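Both complexes below contain chain A, partnered by chain B and then by chain C.
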Partner chain A sequence: MKKIFMLFVSAIFLISFTNPNANVILDKVDKNMSSKNRIFESEMIIHGRRTSRTITSISYSAGNKQSFIEYLSPAREQGTKMLKLENQLWIYSPSTDRIIQISGHMLRQSVMGSDLSYEDMMDDRKLNDIYTANVTGNETIDGRNTYVLELIAKVDNAAYHHQKIWVDTERFVPLKQEMFARSGQLLKRTTLSDVKQVQGRWFPMSMVYKDVLKDGNGTEFRITSAKFDQKIPDYIFTKAALKQ
Partner chain B sequence: MTQKTKIMLALKLAFKNLMGAGLRTWLNVSVLSFAFVIIIFYNGMIDGWNRQSRRDTQEWETGKGQFWHPEYDRYDAYTIKDAHAPMSEEIQAEVKKKNLAPVLITQATAFPQGRMQEVIIKGVDPEQTVLKLPTVTLVPSGDIDYAIIGKRMAESCKLNVGDRLLIRWRDKNGTFDAREIQIASIFKCDVPTVDKGQIYLSLDVLQKMMGMSNEVTMLVAGNGFINKDLKNWDFKDSAFLLADLDKIIQAKKAGGSIMEGLLLIIALIAIFDTQVLSIFRRQKEIGTYIALGMTRPQVVGIFTVEGGAHSILATLLGAVYGIPLFLLLGKVGISMKAAQMTDMAIAETIYPFYSLRLIIITIFLVVISATIVSYLPARKISKMKPTDALKGKLQ
Partner chain C sequence: MIKFLIKGILRDKSRSLLPVIVVATGVFLTVFMSGFLKGIFNDIAELNAKFNTGHVKIMTRAYAENKDQVPNDLALMDVKKLLSQLKIDYPDMEWVKRIHTGGLIDVPDSFGETRGQGQTIVTAIDMLSPGTHEVERMNIKKSIAKGSLPVKQGEALISDEFAERFGVSLGDKVTLFGSTMNGSMMFNIFVVSGTLRFGNTILDRGAIFMDIRDAQLALDMDDAASEILGYFKVGVYDDIKAQQLQASFNTKYSLKDDEFSPQMFRLVEQEGLGDYLKLANSAGTIMVFIFVIAMSIVLWNTGLLGGLRRYSEFGVRLALGEEKKHIYKTTIYEAMLIGIIGSVIGTGMGLGAAYYMQTYGLDVSSITSNIGMMLPSVYRAEVTPSLFYLGFFPGVIATVLGSALAGFAIYKRKTSQLFHELEV
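After this line comes the complex of A and B, so read on.
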């Protein structure tokens, strides 16, 4: 009995000794994933029940308060623009030539049929600001060693009560993320891959979002070009830019 | 000759002439009676629908009025998030007396068979008796959270009693939560706004899910509640709550009046035509009346009464086949299954309601309009020369 106890204590000591502090890991993750501003060109592949469709876009973001997306293809979505300022979101549709504010109930709807809701796009606060993290173990994903972190909300208004996140031990990039409801029900899963070094930071160029409560194969998000800390003109983050 | 004798003479002559005209008269009378019956039938149907819908909406949804949280607007889903407040002791006492039914409303997402569907969740007191909802089945048992849904919702989500449904919602702080609920019962209701896209849970359960202890969005007043002045709650009376239904009914009546007007016009044109023909063909008769001492207005009166008498015959003929038809429809009703697919509050079977007011107004409308169209051609008589009329000369 004494031996088992000693073994257990040693295991805990070993884990705590070999794994760095969870907050340090999250800080490193935030440093990789967050930036002062960024410009992405990307493809969003929405897998439906029968077919898949690809939507390309260019997005400009400054911090986590301002972002502007313009859809480039297919023809049906071309010219559609989205603007997020603080916690407000507007959409411009060229077919109607109107700007619509998305709020309340509409925020829960999916973006162009994807597994992402407008709400998901809105909430991009730093993980360290919202969650208390604990390292719960180590796992290997696609041949990469990862720290498994359990994040529990430390603020009242976190979208997900807790999350589980697998962080690459060398690159400090999340490779998998699971979001849970307060009841413990798994709600969403994100798989991140194709990690590349861009301007001195590691960044996943491919992400698959899956709303586990609904059928389907999820939504793939592939970044074809990523630029960080660029000069983005202020007018991009104005409603006037939507109609331009 | 007294006035009464003159009128009786005019009526006698009118009916004799009408009967003498034979088939022509009965054709006119038939068309007019058809218009008469259709007007009563259509309006009776709309009135029956109106009565049923009002009663159903009050029994299932609006009660004798509602007290809304000042932020709440039923037409604006964005207001739901902030429209909730705790119930005061006064309100809780009324709830206990079953004079008020508290309702907490929130938005959520349901996942029937892996599909995603936006829903409204309403928390209702299982012991309430103000609304007809079968809330008694919501009484919790063990760890299961029971829900009730309407037939339309059950069909759209392919759900049956005993099925489990996963729902996801955000609590008062915006944090996602999800759990399974079990369908305790499926109710059949003719008011789509009570049914479509809605799930009813026990009020306590929803309050816990949302972290809104003792809070509600609205209070539905029952028969026993007379105080219309609850502090911090806006009272909405039945006139306000049923305004949409009233507008639909008015629109339907306006639409129906076009059809009724056309039918009536066809019948009146036939009478007008008959009158013109009569005056043209019966010039000698007109001349004889004047020669016998009748004044021109008296002769005009005879012809007007004759034309107008079509409407009396039409009313009688309409009554002959209309009364049995209306009685039958009043008993078996009219199927409205197709209309139930719409968002209107409409019963599966409508039972027309024929009020005395409706019948009197319709008789009045038919008689007056028939008399007017009979008078218009008869005015020509006042310009006739009796000598020429006696000779039968064209004038």
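After this line comes the complex of A and C, so read on.
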């Protein structure tokens, strides 16, 4: 009995020794994933049940409160722009020359038929600011060792009540994420890959989002160019920039 | 003997009047209520057929599996070709294409920015083609609260409640925002030609009705449609014909290994309408059953009262040597004649009342205005061939059964006591 008890205590000690504090892990993840500002050029490949299509865009973000996206192709989407300021989102349509504010229920709708919602796109906050974390174990993904973390929302306006994320133990980049509703229903699954070092940080250049409640084969998001801590003119984050 | 009994019934009103009134009233209620209930259930089913299910509906199998989400990315393609083939293959049907989608109506201010916004359900039907029956089928003209039907492309009707809430006037331009068939963002500006009030909460909250061509252009669905609905040209749903049609269509067009091939569904297979119509039929049968039981009890009671009143008569007849069996038999025959007379009168009255309600109906729009279900605003009865006999036989059976039960008292009379009872 004594031996079993000692083994149990040792195991707990070993786990707590080998797995650093969850908040420290999240902090390291946030340092990789968040930045003062960034400019991404990307392509989004949406795999529907019938067809697949590719949308290219350029996005500018400053902190987690300002972002601006301009869609570059295909022709149907070219010139469509989105602006996020604080908790507000506007979309500009060149065909109608109208700026529409998106709010409420619509924020949970899919962006351009992808597996991403407007809410997903808007939520750039650091994980440490939204969730409390616990390390629940270790797993291997594509030959990389990961910490498995369970995140539970500590703010009311989190897009997902809780998440499970697999964080690379060396690079501190999430390699997989599962997002859940309060009921425990799995809503979305994201796999992140092609992790590269960009300006001294590790960053996944390819992501696959899958809305599990939606048909189709998911949405691939590939970053073709990533620049961090650039000088972005202030006018970019104004409504006037939408019509330019 | 029949002649003798008829004479008795006609001459002795106190013997026949009450049972005839009771039977006639019961039969009247059964015939009328059956016709009215049948009419109500059929009205509800027909309303759903007009707005939603058609008598038959064609969708892709993939769309049908998720139809609550209105997945237009899985919609029917090559619709023109399919429609022209349907018209050749099934000339007894009228075929129409429809598009449904959801989104936002956005009302701009003078700077073109969002002033008001609300969720909407878009229904696109053929409004502008010459000879289209869609406007009439969906009762749109009568539902217009302000303005008029679209007369050209780019015009649409919006819910009156929405228009009032956001101060949208006739002729204003509003933007419909949603997703195209391919998932692209859809922005479509249209002019409000009129406002609609259906008396149905769901539709009145934020519906848009537009011409299908406008929807096809806006949603990148040039030769596509969410669904094709088929209506029997006679105007009434016939499940046997629908089954034959479905079998023929699905054999010809629906491919097992292609989830985007068209598949036909009958009215009764959609929205739980099959169970609903079964329930409607069961309700009619239950009503007749309850009527027979209730009427038998009432007429048993009437027979008992008659028996008491005719206590002396039966006594004299027994004293004169008439057999109990014969008296009992004549009572049954008499009851049969009363049942026939009462049932004929009741059936006539019931048919008359049902016909009146079929013609004029009962307007319940003031009661149903805040109900979310798709319900008709006027309920009408339906005179069907079954109404001619539905109440008749139960009326006769109930009268005979009532008299048969009451008539047992005849057998309890003892001849030895007759003269004492009759105070002779």
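One rule holds for everything that comes next: the second predicted complex is superposed on the first by the 239 of 244 C-alpha atoms of A that agree within 3 Å, B and C clash if a C-alpha of one lies under 4 Å from a C-alpha of the other, contacts with A are read in each partner's own complex, and residues count from 1 in each chain.
In the analysis below, a contact is a pair of C-beta atoms (placed from the backbone, for glycine too) under 8 Å apart; a residue touches a chain by one contact, two chains touch by 3 or more.
Computed from a predicted model, the values in this text were never measured in an experiment.
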Chain A as common anchor, with chain B and chain C clashing or fitting: clash
Chain B versus chain C as contact partner of A:S103, first or second or both or neither: both
Chain B versus chain C as contact partner of A:T238, first or second or both or neither: neither
Touching partner for A:S206 - first (chain B), second (chain C), both, neither: neither
First (chain B), second (chain C), both or neither touched by A:N64: neither
Partner chain in contact with A:Q185 - chain B first, chain C second, else both or neither: first
Contacts of A:D156 with chain B and chain C, given as first, second, both or neither: first
Which of chain B and chain C A:G48 touches, first, second, both or neither: second
First, second, both or neither for A:D215, with chain B first and chain C second: both
First, second, both or neither for A:Q78, with chain B first and chain C second: neither
Those residues of chain A which chain B touches in one complex and chain C touches in the other: 103, 105, 109-110, 215
Complex contacts: residues of chain A adjacent to chain C: 46, 48-51, 53, 76-77, 80, 91, 93, 95-103, 105-106, 109-110, 112-114, 215, 239
Footprint of chain B on chain A - complex, ascending: 103-105, 108-110, 153, 156-161, 179, 181-183, 185, 187, 211, 213-216
For the chain C and chain A complex, residues of the former touching the latter: 62, 66, 71, 73-74, 104, 106, 108, 112-114, 117, 119, 175, 177, 179-180, 182-185, 187-189, 220, 259-260
Residue ranges of chain B in contact with chain A within the complex: 77-78, 80-81, 107, 109, 111, 113-116, 118, 166, 168, 170-171, 173-179
